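You will see chain A twice below: alongside chain B first, and alongside chain C after that.
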Partner chain A sequence: MSAADTANDVPLPARKKRFNRNEVLAALIFVLPFVVVYAVLFIYPTLQMIWLSFHKAPLIGPGEFIGLDNYFKLFKDRLFGVAFWNTVYFVVLTVVPATLTALLIAIGVNRLKGWMQSLILACFFIPYILPVSVVFRVWGWMFDSQFGILQPLIALVAGDNVPVFRTLPLFMPTVAFITVWWTIGFNILLFIAGLRNISPEIYEAAALDGTSKWRQFTRITWPLIWPVTVLVLTIQLIAQFKIFDQVYLFGNGGRSDATMGLVQLIYRSAFQKNNGGYGATVAVVLFLIIVVFSVLQFQMLRARGEK
Partner chain B sequence: MKSFLKMALLSTALLVPSVAQAQEVVTWWDFLGGGDGVRMKALIEKFNAENAGKIEIQATTLEWGTPFYTKVQTSAAIGEGPDVMTYHLSRLPLGVSSGALSEITPDEIAAAGLSGSDYAESNWKAAQVDGKQYAIPFDIHSIILYYNKDMLKAAGLLGDDGLPKGLDGVDNFKAALQKLKDGGAEYGVSIHSAAGDSQWRIFYSLLGQQDGQFLDADGNFLSGDNLDKAVKATTVVADWVKDGLAPAATEYPASIALFTGGKAAMHINGVWEVPTMTDLKAKGELFDWGAIALPTFFDHPATWADSHAFAIPNRVGNEVSAEKRAAVMQVIAWMNKNSLAWADAGHIPAYAPVRNSEEFKTKQPNATYSILADTAVFDPSSVLAGVASPVYDAAGNYLMPAVNGEIDPQSAMEQMRDDLQGQVE
Partner chain C sequence: MSSVATTPAAGEVVGMSPRKRRIIRTLDIVGLIATIVTVLGAIFWAFPLYWAVVTTLKVENDIVQPGIDLWPRRFTLDAYTHVLFNTKIGTWYINSLVTAISVTVLVVMMSALAGYAISQLKFPGRRILWWIILASFMIPIPALIVNHFVLISQFKLFNTWLGVILPQLVYGPVTVIIYKQFFDSVPKELREAAKIDNANEFQMFFKLYLPMNWGITTALAIITFIGAWNQFLWPFLAVTDEKMMNVTVGITQVTDAFGVKYARDLGSAILAGLPVAIVYLIFQRKVTEAIMLSAGIKG
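Take a look at the complex of A and B:
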């Protein structure tokens, strides 16, 4: 049946149709810009990247098809192992601490009232608006092994000045600490939004029943804030798997092979050594790791929350 | 409406050629962010003033090292980027192999009034790959020994001519450092010990003083007894750090501040920090200072050196036009002929007529250390070497920790050799 026939028919069957042609058209027009942008800026480059990973190719320009050789090379590459474990280590050092600390601070800030609350919240949020270069300069100066303002404190504990960014065991924990300091403001904001969504009536009812503060937290606050916690954890996990800027800046000139993460390995392969094919291979593997981890984490945590 | 459009088109059409005829705009990228960058800006302003209405340089300064070269390479590959840029000759093989540079033909060089005979032969050749010219040298720069005259005098290390004495030889130098430390200096010499690049420059000088080859003609890294020489070179600096005569794991700005603040009696750094000292002194914020070529620790004088040069990027699909290239060549020639001003930035002009001029020969402190132009050892010519290359990365990974006592020099050099050899394709 052609479109013209439908139009000539009695209107009743047309109305019964699940989709109205005009509605579909309108919907298409509305989603089209997004779909086009998404396809051009995400889907197409992603497919290109996967295709590139099967080539021995420079960063830009054609290369030679070599099948899965890049992947075999990757699993034999010592640096890939180092970069993978460094990334995992960084994720462990940041994701849960950043989430829990943010929750604690949010609960604290939430108990404050009026301008005091705004002031304290602003204090915690301000680092988040700093660009990474400023964060690098500020902390680089504070930890400077000769003139750093923190060195007298460090010398009290360690007995002497310590070049923290040139001491391998201290490198990742310090950068992780700085990252938590830098990015925690946003997590706090999300938690505060979540906490404000919990109706005060529930707490009133609990108080009438004589519930202790701890029980109020474990039985009311925690379950109700859980969806936000899952969201924060997932955002953190994805962000920290992609760690690059801070580690690159603080490690620059130093033992970069021992401190690099996966994104830095991509950067080094593709941009520094002009080996686009291999860089793409690392990128594909990182992409898969993030997809698997975030889907797994989100599903697991959500399931627990819905219990 | 139609006539309006016509008018608009017409006026644009009229406007474009008139601008082009009047003035050629040359987009310029450099990585000169330090004291030398100030001198370069003055040179560019002078050029623009002298060539007003004909050629105008529009300059942008980018971050030195990996960020600069990454940006140059990616922008050239997609047809973007500048018309002319500064480039390290040590990096040239890597730049040419990745297709980021455009060849400069002999005709273009001649048309600009330049000639290979105006440059030191090794310098001119370093700007070539497979006999083709890819850059025009601008300067030779190296590392030098800065010293605090008051502290050296107090330690009896200053001769009657005002120059340091008794610093040659590994043991003599170390004894001098100890003397300076005993005389109240916190460190005998301050070095930028937190990064591979600065350590590489000292290391490569000490290796050159023993005639050691980092990369031999067969493409092998630290082959044969070169490894022992490399270990020796590393040990020299590691010993200073171990005995507290030089600061451990110190960042670049702090290493300069240790010297300018009077905590270290001497400082090893590039000639590019000469302007920093000159400016501080002019403001009355610095003691009497001097600079000499690096002492001879081993068999004969030798100092690591590199060369800033000018290159034209190979902008794929958007090549620099012929007229623009002619303007660029004029810029390059002008800069070379006026490079005496660039010597204020501490560098040694690559252009021989300037280097041999009376004015340069009396310019201090350049004249004192200009001997290093004759004893220069340039980075190995390889796609793995040069600024922001795998060799620099390896220096950070192995040499730097060896200097700071984290890895033993022997094992550090073996690891460095194996790592780099593994990257040869």
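Take a look at the complex of A and C:
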């Protein structure tokens, strides 16, 4: 990002009058809507969230300052442990499979030409633009314990129909699988963009040397696509840490604590138990986890931009 | 001796080409397998959606029959007529349309304006503003639900369109960043020429910079609309009144009093996803362009 250079390039003779009055006035009018919205809906709630986490307070209404008690409570809270590990489990189940599968699909799609490529890409991509409610209904029907089209297959393995979403060990892997199905189109797009950036001449040269396809992949494609892979991994990581919608819907309105994730714990504490202070505390922790990963992502984006 | 000397050389030339041909042929087989696997994968990926759509076109009694009918035995639109006339889906559609379009218009407008100022104008605080916008990438919006809710309650916007719309405006920063990049790449000569013609900043923005970047504006508007239409968590929290729900929330939170009806449930879901699916199919290129831009990859 070139923010630093562009902001510094005030021409020397203009030093005395650094800013043109009309220009500043126009600029203020231009940025005003954004700055107001940003301050009221972004910065204020963020600061208030931190403030609220030091209070014992209901969702709406005044509370009592209790310092770090919410944080101490958090680390002793069994439910927080469950929510944290469920989230990590979900992240592990989705991030790496979604990235690797997307790379394979992207390589396959990238080989195709013309309308064939558009059609095949659309098949993989279309789930990504659908709302979660559609994904929920579609896969609820696929796995339906009575009439689901997948039940004959499941019965073949398990001996009988299995209510997948009500069987705890199967719940997270199934929701993770559905999430990969839903969101993989995004990763595929990024990988295809990355593959197109690799010059075909490198492959031609390798083919002339009689390099095998496998070696071409390990020696050319994989190293050159690695930066995109890291980008996809971090974007996925950040996105999946915020898991709520699918787990909530498939978990039958989040009635079971066993499938709870961190955002759901925020929701549970603040909205269902009316403990705004504690909900905010969980939110701060989630916030910190994601900031760490985001800093990593940002550094990488910057590295890419400077290259 | 001479024959011995020439044979390997000849063998090399003649023998080389079948070997090369063999390599090419194996490559083609590998390529063919890769293509077949990719096509099968695409069918596997698209099948759940196909299966859902086909199910909605079946008679409810046929759906629960054993056996797999990949095409309806008896074709009917009952599921759709039922959902359209006997549920609140019409109202939910309007709520979704109003909120999603408002979010789109507001986000695109304020981001374009801010992006222009940061890209082209010199004003105090510009650098700080830019860094804050870049840093806001890191704030997980779902973590803000508690305080967005508090805010919305303070303004008494619970169960209103505005209450659904406002917190979604925080998805703006990425749009500002993309606009800034595009405005940066408008040639400076055009700006100088417009300056000589005495154009003020507003004319410059509306007559030069915005029209030159209509492509990116439509791309950003489409992706913002899809994102706003698909929102679940916030509209789910900000609305409890059935009449004010968005379609994505309504179809999962309000259950039919007549028990499980597969075709109807799926039909309502298909209807909920239809607008974004249509938008995507029409603007495929724009959607992919916008997605890559927001991931930091300039198409």
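Assume the second predicted complex is superposed on the first by the 248 of 307 C-alpha atoms of A that agree within 3 Å, B and C clash if a C-alpha of one lies under 4 Å from a C-alpha of the other, contacts with A are read in each partner's own complex, and residues count from 1 in each chain.
We take it that a contact is a pair of C-beta atoms (placed from the backbone, for glycine too) under 8 Å apart; a residue touches a chain by one contact, two chains touch by 3 or more.
What you are looking at is a predicted structure, and each value in this text was computed from that prediction instead of being measured.
When the two structures are aligned on the shared chain, A:Gln299 is found in touch with neither chain B nor chain C. By the touch criterion defined above, A:Asn252 reaches chain B but does not reach chain C.
In the superposed model, A:Ser199 lies in contact with neither chain B nor chain C.
When the two structures are aligned on the shared chain, A:Asn20 is found in touch with chain C, with no touch to chain B. Once the two structures are superposed, chain B and chain C can be ranked by residues of chain A touched, with C on top.
Contacts of A:Ile60 after superposition: both chain B and chain C are touched. Look at A:Tyr38: by the touch rule set out above, it reaches chain C but stays clear of chain B.
In the superposition on chain A, A:Thr218 makes contact with neither chain B nor chain C. In the superposition on chain A, A:Lys273 makes contact with chain B only, while chain C stays out of contact range. When the two structures are aligned on the shared chain, A:Pro163 is found in touch with chain B, with no touch to chain C.
Counting contacts as defined above, chain A residues 59-60, 140, 144, 146-147, 271 meet chain B in one complex and chain C in the other.
Touching chain C in their complex are the following residues of chain A: 1-4, 6-7, 10, 18-20, 22-24, 26-28, 30-31, 33-35, 37-38, 40-42, 44-46, 48-49, 52, 59-60, 105, 107-109, 111-112, 118-120, 122-127, 129-134, 136-142, 144, 146-147, 149, 181, 186, 189-190, 193-194, 210, 213, 231, 235, 238, 241-242, 244-245, 249, 263, 266-267, 270-271, 276, 279-280, 283-284, 286-287, 290-291, 294-295, 297-298, 301, 304-305.
Note for the complex: chain A touches chain B at residues 58-61, 140, 144-147, 163, 165-168, 252-258, 268, 271-274. Contact residues of chain C toward chain A in the complex are 23, 27, 30-31, 34-35, 37-39, 41-43, 45-46, 48-49, 51-52, 55, 63-64, 68, 106, 109-111, 113-114, 116-118, 121-124, 126-127, 129-132, 134, 136-151, 153, 166-167, 169-170, 172-173, 176, 184, 200-202, 205, 226, 229-230, 232-233, 237, 247-249, 251-252, 262, 265-266, 268-270, 272-273, 276-277, 279-281, 284, 287-288, 291-292, 295-297, 299. By the touch rule above, chain B contacts chain A in their complex via residues 66, 70, 73-74, 77-78, 97-99, 194-197, 247-251, 254, 257-258, 316, 388, 390, 393, 396-397, 400-401, 404, 406, 419.
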